[in-house]
Amino acid sequence: MENSLNSSIVELLGNVRRTKPLVHHITNYVTVNDCANATQAIGASPIMADDIEEAAEITAISSALVLNIGTLNKRTVESMIAAGKEANNRGIPVILDPVGAGASELRNETVRRLLAELRFSVIRGNMSEIRYIAGLRATTKGVDASEADLENSMQSGMDIARALANQYHCTIAITGATDIVSDGKSVFCVENGHPMLSSITGTGCMCTSLIGSFCGITTDYRMAAVAGLLCMGIAGENAYEAAGQQGNGSYRVAIIDEISKLSPETINRRASVYEARV
Amino acid sequence: MENSLNSSIVELLGNVRRTKPLVHHITNYVTVNDCANATQAIGASPIMADDIEEAAEITAISSALVLNIGTLNKRTVESMIAAGKEANNRGIPVILDPVGAGASELRNETVRRLLAELRFSVIRGNMSEIRYIAGLRATTKGVDASEADLENSMQSGMDIARALANQYHCTIAITGATDIVSDGKSVFCVENGHPMLSSITGTGCMCTSLIGSFCGITTDYRMAAVAGLLCMGIAGENAYEAAGQQGNGSYRVAIIDEISKLSPETINRRASVYEARV
Amino acid sequence: MENSLNSSIVELLGNVRRTKPLVHHITNYVTVNDCANATQAIGASPIMADDIEEAAEITAISSALVLNIGTLNKRTVESMIAAGKEANNRGIPVILDPVGAGASELRNETVRRLLAELRFSVIRGNMSEIRYIAGLRATTKGVDASEADLENSMQSGMDIARALANQYHCTIAITGATDIVSDGKSVFCVENGHPMLSSITGTGCMCTSLIGSFCGITTDYRMAAVAGLLCMGIAGENAYEAAGQQGNGSYRVAIIDEISKLSPETINRRASVYEARV
């Protein structure tokens, strides 16, 4: 059954493919190729540039900026700040993926500094990362959400997302079995996805790149976040059907396949997204 | 129909596979794994080493040096210069991939410096990058060629390639719907390839790695460039037939498959390369 | 036919999947994604962090530390030392992959320094790299073992492994047509594997990540090394059957598939490992 949410997302996807927004990434070297290919698969155009001498200049010609701290270092953190300030000055959306927040003092300090010096349009993380940012007890296990943090209730997740969105005047996206998106007022839940997504590296990072791609063509960042989560989730489901039994390698390839093949029909048929009563 | 160009390329491919030349890359972290696997798939041996303390030494044991500025930074630019000088002193061919030339002052300045301090055997770029280097109006869109730049005529592209080849005493290779190669005198056109090649990350970089692999076993750099473009183009066609409908992820995998399976028969059957009248 | 070695390995694999040890990598940017996905495919959890300000702290929450010098630079070598010392202080196993040892003075000097300042649980390399470390004549060809070094007899390889293991009080693993593992007393040989493993980038690095994953759940590092080599070898064989004819790209995908699908049955059916008489 089609609904207005699905229609909005179908329209956003069409716009990404028509306008091919340039999405500047300062990101980690583990999943950077996945992020580039996911960005192209959804229809946008990726560019990775992390030297302080060009970071702001590349941001200036881009439609969105994705900052991912997965393999942060002192050199690239400065580039993130410079690029982020340029984006803020120009009204270009900035998306944060706080990979591993809570796992080291460097990551914690960097997240604090990024949040203090930059304004973000969307912050996407797993429950442990978002709990850490919210100042709650978070028991991160490296770059994955911990079991303990996942045991908190959906209601708790929605409350955290909404409060954090209000605190930072941005959209918060928490990925998990059910994804949660809030702009501080409304809350959306995306039930698409597949458990196998967490068995390969980079699906969180790719999800953030998809959100960045959508942010490049709309100022409705809440809907851009919903669209990114939904596209990743549906691709994860379709990829499981296509290749899940073959193993992790084939599943990883199929995810990019399915992102590139997302159609209005697929979205209307598979989307499971709704606005929660809060 | 076989012809002498095809025969030359078949012979070069046989030589690469027989001698497995070591190809030193100082390249970007987005597509570096693709470059390594493409280099191995064509039959050569990749090595990536970018620290200033070993860059020249690794070049000295290599048969070719590929410099790719896709994610350049101040540290690696110095290593490129050191490695390039060592290669020049030893007569080892140096291949430049000026990724994103025109997109930032750092990239422009770096390209100017590399061209001033080093002698290249082959420079391979898209039309926007090559136009930038030629001092022409180029409207780059990040790391992809812009529509405006692609609208220029084939004749214009051939003229640019030939003039630039003469200016820098090297072979210029412009990749596009029809690839153009010139050493300043003759011009060759390669019509192999598939539009889907531009929908995934790294095909330009991989193409440069193939050219580097061929440069490692011949001093006919013009023919090495033609061979690299032709192999990439045919692999792109075969990959489309094998997996194009499955989506971007499978297509990317199939490109490496098809490079590794290139045979004299495939080249003779599919090659569409000719010398242009200029 | 099952035997006690196979049973031990089956048990180790079950433990990795049950406890999902966090494996900290400071590794090269060429194959880092392969390492992360291989680590997840075997059932462990990878984290990559190379900044000096967090390297030791991330090691402290990890169950094993993998140091791979494939694209070493001065910045990350210091992080390796800091992380390695933290691991040594805490009794966390450290695994070394001396990629390209013998190919440059920087690599040689770094290996010397790592061996002088850190205690390793396992060192895994190809015959050229291990010969270099053993102070023997090694004729490395970039990052691959040279033909000359491979021509040495199995007996010679076993002697080198045993002597080096005694010298550094660790387990030595030499990968080749037959893999050799020694803790200085006993020697194990693993005959699983497929020649096609050497035709794609990263299989050595992935093998080290598997060893690291096993080291994360046992203190029997000799058996952890055997388990890592065996799992990689069997995956290489199964991947060849599944996809070898399709080419290098599909084979690479299939390796991750087969690591993720390794079962007690597969191990018992395919394992070809034995203790050598020395």
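First chain written, first letter: the chains are A, B and C, and each begins at residue 1.
We take it that a contact is a pair of C-beta atoms (placed from the backbone, for glycine too) under 8 Å apart; a residue touches a chain by one contact, two chains touch by 3 or more.
The structure displayed is predicted, hence computed values, not measured ones.
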| chain A on chain C, rotation in degrees - Cα superposition, rounded to nearest 5 | 120
| Copies chain A, chain B: same or different interface, half of numbers shared as the threshold? | different
| field | Computed distance of Cα centres, chain B from chain A, in Å | value | 33
| said: If I count partner chains per residue in chain A, which residues reach a count of at least 2? | reply: 29, 33, 252-253
| remark: Per the touch rule above, chain C residues touching chain B in the complex are 28-31, 33-34, 70-74, 100, 103-107, 141-144, 199-202, 246-250, 252-253
| Which residues of chain A touch chain B in their complex? | 22, 29, 32-33, 36-37, 40-41, 45-51, 53-54, 57-58, 61-62, 75, 252-261
